[in-house]
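In the two complexes that follow, chain A is the common piece, with chain B as its partner first and chain C second.
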Partner chain A sequence: MSAGADSIYLDHAATAPLAPGVADVMQRVLVDTPANPASAHGPGRAAATEVDTAAQALGGLINAPPGSLVWTSGATESINLALKGGAEFAGCGAHIVSVATEHRATLDALAWLEKQGACITRLGVDGDGRIDMDALSDAVDADTTLVSVMHVNNETGVVQDIAAIGALCAERGVALHVDAAQSLGRLTIDVGAMNIALLSVSAHKIGGPKGVGALYVRQRPRVGLAPGIHGGGQQKGLRSGTLATHQIAGFGAAARHVVAHRDAEQQRLAALRERLWQRIGATDGALRNGASDSVAAPFLSVSVSGVHGDALLTGLTEGEPALAVASGAACSAAKGQSSYVLRAMGRSPREAGASIRFSLGAGNDADDVDRAAERFVAEVARLRALSPAA
Partner chain B sequence: MTIYFDHNATTPLHPDVFEAMRPWLMSRHANASSLHRGGREARAAVDEAREQVAQLVGAHPSQIVFTAGGTEADNMALKGIAGTTRPARLLISPIEHPAVTDAATALAASGWQVDTVAVDGDGRIDLADLERQLADGDVALVSIMAANNETGVIQDMPAIADIVRAANVWLHTDAVQAVGKYGFDFARSGAHCASLSAHKIQGPKGVGALVADKHLDMAPLLHGGGHEQGLRSGSYNVAGIVGFGAAAARLSEYRGAEIEHMRKLRTMLETGLDTMPGITRFSTGAERLANTCQFAVAGYDGEGLLMLLDREDIAVSSGSACAAGSGEPSPVLLAMGVDPAVARGAIRVSLGPENTAEEVEQFLKVLGRLSGGAAGAMPGSISASVLSG
Partner chain C sequence: MNVLDDGHTARRWLPRFLSPRHAVVNYAIMRWQGIGDADTPGADAECRLHIACDGLCEQVPIAAAAFAAFGPPVVIACADWACEWLEQRTIGDAHGLSVAHFEQALALAPSERYAALLVLDALAGALENSRLDQDRPYLGS
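And now, the complex of A and B:
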């Protein structure tokens, strides 16, 4: 779906349109079950039933019991709860092993924990954005309280081998937290088979509404967490606050849609992505970030030399058709920073600065991809002609 | 059709609010932090909502920090202010919402001394006690709710603020209940920060705000991405925020009339209650929210009565929704010196703008029948477990 008649939306990693049927579910819940799900009366119980139904759907998508899900306001809150709540529960001496290319929510929470006295190890990545399993093994010691790794990187789409990481963590007796904001709905997630203790997810990346997420918390063996938001004691005291019934029901509806359509859709997007790369890859100085066999289907991250990054992004997002693309994470974009993810993969600051992330989704077709490729090639040529020495 | 008398727990979404949200759910989906056109349009919608909320509560748009709700705003205020200073004393009232009391308990675990300011028999802050406690020194923060969720009692915030500011101490107020049913005004309240919630004013659940004075130094509660000037990270809930703005804009226009309507219905309710035997109404001597009436029926336990009313398709509360099912008497009433046996029988009726005189009549009729039963055939306390059998 395009954001307007003259624009092509290729920014599904930032956020995705609601999946079919989700808005209807949300409207129905808003109108028919407006009560507080914590209320003891009939209307309250009707609202609580909607929450339970959604927990079944999301639990089914990640093979988790519904009772192991904590609803939050989004992946950022889930990640904060997993990392800070886990460290607070562990008490002094928390040691967390994570990765340099994690989302800002993880990096900023870890930086805060470090200031509070926690010990943080940040693993580097190779040129393809992957962590080295031996380095992980070396970093985990007897005092390690948590390993935190994102499943799919939000800027490049690079996939980490969570099954292998989970197996290592299980063998060493360390809990694993996975930021699955970008992998839910795209890759298979099985919290049991993958030995995942904590999993952060977000609704709006899978066709659900913005402002709702969840944290899976393994019950056996139980993962200890201190609450991040205190109050009325909802959700077993782990996360207080009135549950946003319609938001949670929308998340559940999106999860049901994913279960029915994911695998065929991801194959379709992978083919479209290759089509896009075929059309822009021949551009002089264009580099693809991440190896194609270890990048999630919707993602294509391209660095291009000899053009100014801001100029390229502006050129693409303006003009006709306007391309809704990103130079990196939406949250970093707002602050005009160059990509720390690409720099960690060995790109020079200059290359990292002139990088475009295409992230495809349900509304995109071959025509979108062809027109986007044409615009990209033309825009790079135009900018080089304007400033040949750049 | 259910008679819904539980508007302090949550309010139904106003149809106009849904219409404002609709495009941001259906077709305009961009991330408000994205630089492309769709992203900039979403950001503009968030900023318009910021202005609408600010205007409703007498604040500047730059003072509004959007959160996931009132509970998060309360946590952010207490922990955020505490996060920038060494542990000191925190003063709260004994009638605060659990979001404040539990956040205070969490601070106590990290070295803060939490003290409570006394309230009188109607649930109003004892200003002399507040002054005494501040004079004891080392207080860094005071948190006192603008209007209570159970009794509806409205505090004299300007008077409280004068005392707190004279002691050079930060003041937070939980204004979640004081916006839709009372004309809470941030500037006039004198507080340095105030918590708001959309779903108590016919907006959507899952969105709220902390209104914060620019001079306030605060640490963020949620890290990552640096949204809201670094104070609150996480992708913007654009549709929810737009809904909050629309609810605020609506209220700016209709609040006066809605309050009058609710006050009229409540007068009718209380006139009826006062003719029934065995009814104790609470906080009758204090200024209260126009929609709230808390009372106990002799011989009943509140939760049991709630269940009986529920069978008659009437939705009320026995306290705050969060504490539903705990079976404990209300800490708010106990702090006011109410006998625990009486407090256990408390139920709360909280009216809304869509309630009607017919609904109040029906409620009185049902209650009259039930309380007659309590005085006669079924004396003594009736517990929820007996009723569900």
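And now, the complex of A and C:
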């Protein structure tokens, strides 16, 4: 998608534009189905039907029964409910195993739980961003109450082997929570076959609206969760509050769109991603983060030497054409505030600081990719020419 | 200020970062009388300032000033602004350049003051260097 005459949108991992038809569905539900879906009367039942339809669509995308979904405000809330709700249900003996490269929603929730007395084990990753299954096996012990792993990393696109992790967790009798914010709609997810007990997703990553997400909660064997929000007892008491019917309907419409287009679209994006890397990979000092065969199709994370990360990101996002891209962190590398994900993969602080994430999506084509590559190469050259090291 | 921002300013200096006019790479001058370096490891930034002038006394005008810099965009912008300010001013004026001048011209946020200090450190080095090197004229276009 070109976000404007002089802008190219390459930040679909942050938010994808609305998928075709989603806005129409939301408008229709907002106007024509105004009642509270928890109400027992006819208009209320009509609103509840819209919620059920969305649940069937989303459930179909992850092979989950509709009654197993808890609607939330997004993946961050879902993750908080899964981790904090699970730990509270487990009591004072909670032990959670997770990974150092998780999203901040997970890391910060775990840090909070640690202060409350939970025991947290954080696994490292290898140079390609993958966790070591032997290390995971060693970390899971008889006291472990939950394993929490993200399916696709939000900075690098690195894919963890959730099927293998799920099998290990099932064998050891431990519940698995998966942060699927970046994998929903991009990879196949089957909560049953993958032995996933809890799964967090967001609508706006797949072309749905912002402000709505879901937490899949396995029913059999049942996963214990304490409520995240108390109130009217909606959603089996786990997350009280009136459901945002039009938001949920929009999520469902986006899920239906994904089901119809995912496989062909991900192949197309993978080809575009390789085209982009072919054009910028020849830049002296450019490094690709994550092996191409273990990175989700839309993602390309590149570190480059000899330029300052903040300068590179600003130059790309504010120059012409402007590239809507992201960095692991725009902070000073020397302050140790560069991407913790890339540093965990072995990049130096300065390399991790000068890193750009391209995430492609439905509106991008070869012309976008070629222009973006040309801009990237030119900006790196410009900044290097300004440097005292030139 | 945008409600989603945490101290992000208007970045009045942004055009200077995007299109600096005083990068040393763009100057054909073969011999600079004063070159000063400074760095700020905490911000992962470096600045090199070049000045060309004929003579040493306080009234001598600076014929040309240029920079090379590595660091956050505000560092490049401050270096570029300083060079523009210095050209055609005197050595005496240059000694009077302060952080306040940068703040006023570029609307620096408090968290960006370090960039002005970095450039001033580099300028001090360049002025000292030119004092030691003042007997050699510059060759410029």
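Observations, loosely collected:
Please note the rule applied: the second predicted complex is superposed on the first by the 379 of 390 C-alpha atoms of A that agree within 3 Å, B and C clash if a C-alpha of one lies under 4 Å from a C-alpha of the other, contacts with A are read in each partner's own complex, and residues count from 1 in each chain.
What we mean here is this: a contact is a pair of C-beta atoms (placed from the backbone, for glycine too) under 8 Å apart; a residue touches a chain by one contact, two chains touch by 3 or more.
Fair warning: this is a prediction, and the values are worked out from it, not measured in the lab.
Once chain A of one complex is fitted onto chain A of the other, the partner contacts of A:V174 are absent, as it touches neither chain B nor chain C. Of the two partner chains placed by the overlay, neither chain B nor chain C lies in contact with A:I189. Using the contact criterion defined above for the overlaid structures, shared-chain residue A:R350 touches chain C, although it does not reach chain B. By the touch criterion defined above, A:S387 lies against chain C but remains apart from chain B after alignment on the C-alpha atoms of chain A.
Annotation for chain A, partner touching more residues between chain B and chain C: B. In the superposition on chain A, A:G319 makes contact with chain C only, not with chain B. Residue contacts after overlaying the shared chain place A:N80 against chain B, while chain C stays out of touching range. Looking at the shared chain after the overlay, A:A311 reaches chain C, while chain B stays out of its contact range. Comparing the two complexes, residues 318, 332-335 of chain A contact chain B in one case and chain C in the other. In the complex of the two chains, the chain B residues touching chain A come out as 2, 4, 6, 9-13, 18, 25-31, 33-39, 67-72, 74-75, 97-99, 102-103, 105-106, 197, 199, 204-207, 221-227, 233-240, 303, 306-307, 309-310, 313, 315-318, 320-325. Of all residues in chain A, only 307-308, 310-311, 314-315, 318-319, 332-335, 350, 353, 385-390 touch chain C in the complex they form.
Of all residues in chain A, only 1, 3-4, 7, 9, 11, 14-18, 23, 26-27, 30-31, 34-36, 38-44, 72-77, 79-80, 103-109, 111-112, 202, 204, 209-212, 227-234, 240-247, 313, 317-318, 322-327, 329-335 touch chain B in the complex they form.
Chain C meets chain A in the complex at residues 14, 17-18, 20, 23, 25, 37, 41-48, 68-73, 76.
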